[in-house]
Amino acid sequence: MNIIFDIIASAGLWAAILRIATPLIFGTLGALLCERAGVLNLGIEGIMTFGAMIGWLAVYHGADLWTGLFVAALAGMVFGFLHATMTVSLGLSQHVSGLGVTLFASSFSYYLFRLIVPVAGTPPTIVPFQPISIPGLSTLPFVGPAFFTQTAPTYLAIVTALLLAYIVFRTPLGLAIRMTGENPHAAEAQGVDPVRIRYGAVIIGSALMGVGGAFLTLSAFNSFFPTMVQGRGWICIALVVFASWRPGRALFGALLFAFFDAFQLRLQTVVQGIPYQIFLMTPYILSILALAVMARRARVPQALMQSYRRGER
Amino acid sequence: MNTVLDISRVSKRFGDNLANDDISLSLKEGEIIALLGENGAGKTTLMSILFGHYVPDSGRIIIHGRELPPGKPREAIRAGVGMVHQHFSLAPNLTVLENIMTGTQKLWALRSKTNAARERLLAIADRFGLKVDPDARLGDLSVGEQQRVELLKALFNDARILILDEPTAVLTNIEAERLFSTLKEMARQGLSLIFISHKLDEVMAAADRIVVLRGGKMVAERLQFETSKAELAELMVGHRVSRPVREPSTPGALVLKGVGITAKVAGVDRLKSINFQLSEGEVLGIIGVSGNGQAPLAALLSGLLSRTAGDLMLFGKNVGNLDVGEVVAADIGRIPEDRNNEGVIGEMAIWENVVLERLSAFSRGGMVDRKAGMTFAREIIDAFDVRGGAPRSRTRLLSGGNMQKLILGRNLQQRPRILVAAQPARGLDEGAVAAVHARILEARRQGTAVLLISEDLDEVIALADRIQAIVGGRLSPPVDAGDIDARRLGLMMAGDWSETPTEATHAP
Amino acid sequence: MRLERREHRPVYLLVGTPIAAVIAALLLAGLLIAIAGAPVLEAYRRILVGAFGSRLSATETLTRATPLILTGLAAATAFRARLWNIGAEGQFYLGAIAVAACGSKLLAGLPGPILIPALLMIGALAGMVLILIPLWLRLRFSVDEVVTSLLINFIAVLFVSMLINGVLKDPMAFGWPQSQSVVDHAMLPKLVARSRLHVGFLIAVVLAVIIHFVQARTVFGMQSRAAGLSPQGAAFAGVPLTRTLVKVACLSGGLAGLAGAIEVLGVKGYVTTDLSPGFGYSGIVVAMLANLNPLGVVLASLFTATMFVGADGMSRSLSIPTYIADVTVALSLLTMLVALFFTQYRIRR
Amino acid sequence: AAPVKVAGIHASPVENAWNSCLHKALQDAAKEGVIEYVFSEGVSGTDYPRAMSEYAEQGNKLIIGEAYAVEKEARQVAADYPDTAFVLGSSGKEEGSNFGVFGTWNYDGAYLAGMLAGKMTKSNVVGSVGAMPIPEVNMLINAFAEGVKSVNPGCKHLVAFIGTFFDPPKAREAGLAQIDAGADILFGERIGTADAAKERNIKAVGSLIDYTPRYPDTVFANALWGFRPILNAAIADVAAGKPVGRNYTAFGLMKEGGSDIVFVKGVAPAEAEAAMEAKRADIKAGKFEVPQNMEQPK
């Protein structure tokens, strides 16, 4: 018990939570935006991979870090556009289109990476985002090192979550997005074009996914490796449900998941004799338990995964 | 009065189906037009074109002298067109206010003006006498309230031209009357209205002018005072129709009896100690305002809901809770209220839909007997005049009336001993209603005991031998159809059954 | 521009569009091959050669199609009843590890003709057990099974990893964590000598035919389809929804578990954590390509395997990055999806 | 002589440190004109045997790769193509005349690096981050721990596995977790660990390749492993028509010149460096053997 308390009381744990959570926050917000408009985007895993690759590549070729993030967002948009074309315009199955995008985006990013970056020992590096100490706050005991010495994209992720919450619940655009996800026919009957809303949500959502991927290569690490996204995208899909499609809760969910992960990494170093796989499993198991508790209250967007073709009934 | 709307030579084709064929129509300020036609005549299509849901193949829509760009609901709304859809276009998970506000403000505004919108909504609601709670979750509202929200939506957008697609199909007579008085008030305040209906009474009562479509063509246009129900019915269908009349009959043996039945839905008592009995060759009508327990009663007798108390006697034997299989096996036919979601599975073939509920009879050793199923489907199609489909074609393609005939057919073809029919004629055109009623009376003549659950006074009076009202989950004592008039029935539906003659046991 | 559902599907479209899709995918892949500086036409020839040019490549293509057929069937049967089983990957692994455990120790004493069917059953059972978790969560707590079955994949793979690092670890193994090998007489007979092609391929194809028959002809098939198309309508018609769902889940999970079992008994003989290069996920795509038709699943799997094995071989013979194989498969899936769409719809104006 | 046709099959992308050792050696040999080199990377276990067969059928004389996840099938393929030489990374035994094996035994260097680290730690806690507890990783981490213990018996050694070969950000997080738990020197079996050390301004030890140029002020020692000696031996055998069914591991040992430690002088205390150099000489001379412990480190 004492060990566990020590771990929880260490500022390092909390700083790690924010770091680990950042790509998840971006990814979850992206997936959430898509789903709020009624489109499941299983392309996330591939889009994050491509974002990680292309963002890094841009910086490697001389762009600055923010441009790198922007390039990743743009790439996400391109894949979002592809997914939207297939699911919104053509009304193809959202599962399959998403898995197809993942398959394509990830293999394509490996292929491009291999063509562009010559293989030499370990992959080349860039100078990633550095932690920003927020004056005044970062020197506070415990709280300072725990929460106020992160890199800029981490703060951006949190701001994005709050901003998205505001947009979804407090603006006409957000209402239009929600209506499209609940009943696109009703949206259309009110003069809101569900096709455009869905395109917009999927494209912007995918941009966020791209940024989430780029965080891995531009802040969490400094070079790109194939397969380095390691299922983080799928976690985001689960987190959206966990969050009952609310951005604020998505932020919380991502932090909770990151807590389990950061915690198990620390527990491993002090608790011996338990297979390490058990530690790695905990975040997933706890997510499922949390889902079981939350599910009854969660309100799924009613038109999620339903294609909308104008003039068809 | 000046013309506010001109529909000019509109045509629209779906595949091989010419849904609208060169239709022209104009609407004046303050005028109410009723659009009439059989199921599938093209009414909804025409209105959808007007509102921009569909793009016409040819033709133009002119509002206040300006041509409306095709296929843009937004432009239609801006031009002052409001539409209340046949199938509600609402989001159950959002609040009333959110449903109404969607799309009414600049999409890129930094903040929703929620308070202003709420005030405006309340003001409009007040002006037209349409009370709602703006912050209620829409899914929690009754159908009638949802209808009101649909109207408010249009009014909120400053609609000057209001289109209502079968607004009363799911309303009770009382709700419908209230709606029409609101509509007339609107017309008085200068709005122009087009409404679609199959109910000739309300058409005659509310419309200034009546337009009839048949097979996509406009076949007639009459002023209200120069026509009659009979003429309209004939114009619609193309030949004379008259609803069948119930002949006197003597009921046979008692087949179904419920004593003190109580049932819960989602933890709440929806049926409260009800009593009823039903004999061979008679029709028992259950009348009531929507949402008073009709659905649980139908579900209970269809094998979908268990009772928590009370006895059910089937053919003189006390039975426990029945499941669907047992109900079907006991020769009880069932016509569900919601034909699109319960009655049929649209994506399945017609033959599959007719055998699905009696697969045990149409299978051997786990194998479906397709041949027998196909033959059965063909029999029904022939015997019940189901038009527009072969046994193998998808059921979704049938029109509402034909779908209903199919459901009737699969239940009646094998002469059930009991028929539980919930809202059997809802949403059907005059010809189809007559056909359905004839079938039910035919079954009665052959000795079937019919339990008719309906919100339509005319229907119940026309078909039922005895009538019970359902109010708040309770059943009134039965009254003889011969002794009753619309006024008394109205009172009973409001829960006042003190005047009813006490020829049967009182509900406790 | 507007889409319109076709009333009739002309034969030239049914034949022509898939061909057009393959051509489009190859053109796009050709672009990427050209970027890598390789001769494009030669690359196309090599893809063909790589997939069917020799006994090796042809048998390899069929070998790789085998697990895809089974996971594709798993997805197709579940999706048809609107059970979104994304957990085939985990079920695959659980089926595999169950077979490895029983086939190496517990039942190893049985004679082959009994052992092999028993092991196949055990693999299927393991898959069933795993799918019952998300199913139970859905029935009991109404938790969306898309997410739970997806998450369980990760847990299943970690669980397998734990076993092959622990109790099931092969003490005689050469070091890497791997399960003990199943006994030799538990291995499925080869279809072609000196190749990896095994009887499992035939089993998969026969199962596809059987499932097609079950879905088209039996009471269960009709009920599960009804339950998927309209739960409300099916309930009204007396289809026992829960029971049907459980049966469908067992079938789907069983097929995915069987896929894992057959991969172990047919090819590898033991389990490692890289037994499946995403067969569970590819199965979903294959199923949708096939429009959830079991016979279509066989074709779609063969198509996918052909593209992969062909492009993989091509990358080796032309020395361009291996990842071109996955890119080509992804492109063909995407173009094929679009092509199938245009057999059902047409664009007007 | 004409260059030998060699194919490399890498289960991981060639960025992976271990694969990069092979890849680089093969590329160098190709540049020198000794071999003709083609390769595939990211080849999954399912596809690995096919890649072997295809390369064999394409007429490659020597196939270099890793059998770890496909031991059984790899041997089967070798039996099917008796005219092709296969020399694969494996912890198992050679087989027949054309299936040779090699292990990655750079634990000598890890032991020596441990000797430096043991004397450098101030917190008396060091940490190791590994991918998965496979024998060669275990051996490496155990040797490092053993080296630390030999000079500083009271030093605590933390171990964490991240469960995957490819998640540098996760390796970094694991490293940070160990630093938070008090470690002030990290042994990074995985790339990513040194990044944690760099961020917290502590020192780190690298493995397989020389990480010092990548982390100049952080990585002060590396347990190097060179594949070239193994490759040369295999090429020589193939060229001479000798069977390759033998174990090439020894060519990678320190005393054979295959592995070594490189370190930045002056980072560790002078007497620690001296003690380490003495041990290094002993190992090279065969006077000292670093214990081989394949058990999962605790």
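Note that the chains take the letters A, B, C and D in the order they are written out, and that residue 1 is the start of every chain.
The criterion applied here is as follows: a residue touches a chain if its C-beta (ideal position, glycine included) is under 8 Å from a C-beta of that chain, and two chains touch if they have at least 3 such contacts.
Remember, it's a predicted structure, so these values are computed and weren't measured experimentally.
Asks: Applying the touch definition from the top, give me the chains sitting in contact with each of chain A and chain D.
Replies: Common neighbours, chain A/chain D: C.
Asks: Using the touch definition up top, find the fewest steps from chain B to chain D.
Replies: Between chain B and chain D, the shortest chain-hopping route counts 2.
Asks: By CA centroid distance, what chain is farthest from chain B?
Replies: D
Asks: Mind checking the centre-to-centre distance between chain B and chain C? Centres are C-alpha means, answer in whole Å.
Replies: Each chain's C-alpha centroid was found; their separation is 46 Å.
Asks: When the C-alpha atoms of chain C and chain D are each averaged to a single point, how far apart are the two points in Å?
Replies: Distance between chain centres, rounded to whole Å: 36 Å.
Asks: Between chain A and chain C, tell me the centre distance in angstrom, where each centre is the average of that chain's C-alpha atoms.
Replies: For chain A versus chain C, the centre distance works out to 28 Å.
Asks: Give the residues of chain D that touch two or more other chains, as numbers and ranges in rising order.
Replies: In chain D, residues 42, 133, 163 touch at least two other chains, as defined above.
Asks: Using the touch definition from the top, which residues of chain A touch two or more other chains?
Replies: Each of 110, 226, 277, 280, 310-311 in chain A touches at least two other chains.
Asks: What residues in chain C touch two or more of the other chains?
Replies: Residues 2, 5, 158, 161, 165, 321, 323 of chain C touch two or more partner chains.
Asks: What pattern do the touching chains form: line, ring, star, complete or other?
Replies: Graph shape here is other: it fits none of the named patterns.
Asks: Touching pairs of chains, all of them, please.
Replies: The list of touching pairs comes to A-B, A-C, A-D, B-C, C-D.
Asks: Please output the residues of chain B touching chain A within their complex, sorted ascending.
Replies: 48, 51, 53-55, 71, 73-74, 76-78, 83, 85, 89-94, 98-99, 101-112, 153, 157
Asks: How about chain D: which of its residues touch chain C in the complex?
Replies: Contacts found on chain D: 7, 11, 38-47, 49-51, 53-55, 57-58, 67-73, 80, 90-93, 132-136, 163, 294.
Asks: Quick one: in the complex, what on chain C touches chain A?
Replies: Answer in residue numbers: 2-3, 5, 32, 35-36, 84, 86, 137, 140-144, 146-148, 150-152, 154-155, 158-159, 161-162, 165-166, 281, 284-285, 288-289, 321, 323-327, 329-331, 333-334, 337-338, 341, 345.
Asks: Hey, which residues of chain C end up touching chain B in the complex?
Replies: By the definition above, chain C touches chain B via 2, 4-5, 7, 217-223, 225-226, 229-230, 232-239.
Asks: Under the stated contact criterion, what part of chain A meets chain D in this complex?
Replies: Of all residues in chain A, those touching chain D are 10, 12-13, 16, 19-20, 110, 119-123, 125, 216, 220-223, 225-228, 230, 261-262, 265-266, 268-270, 272-273, 276-277, 280.
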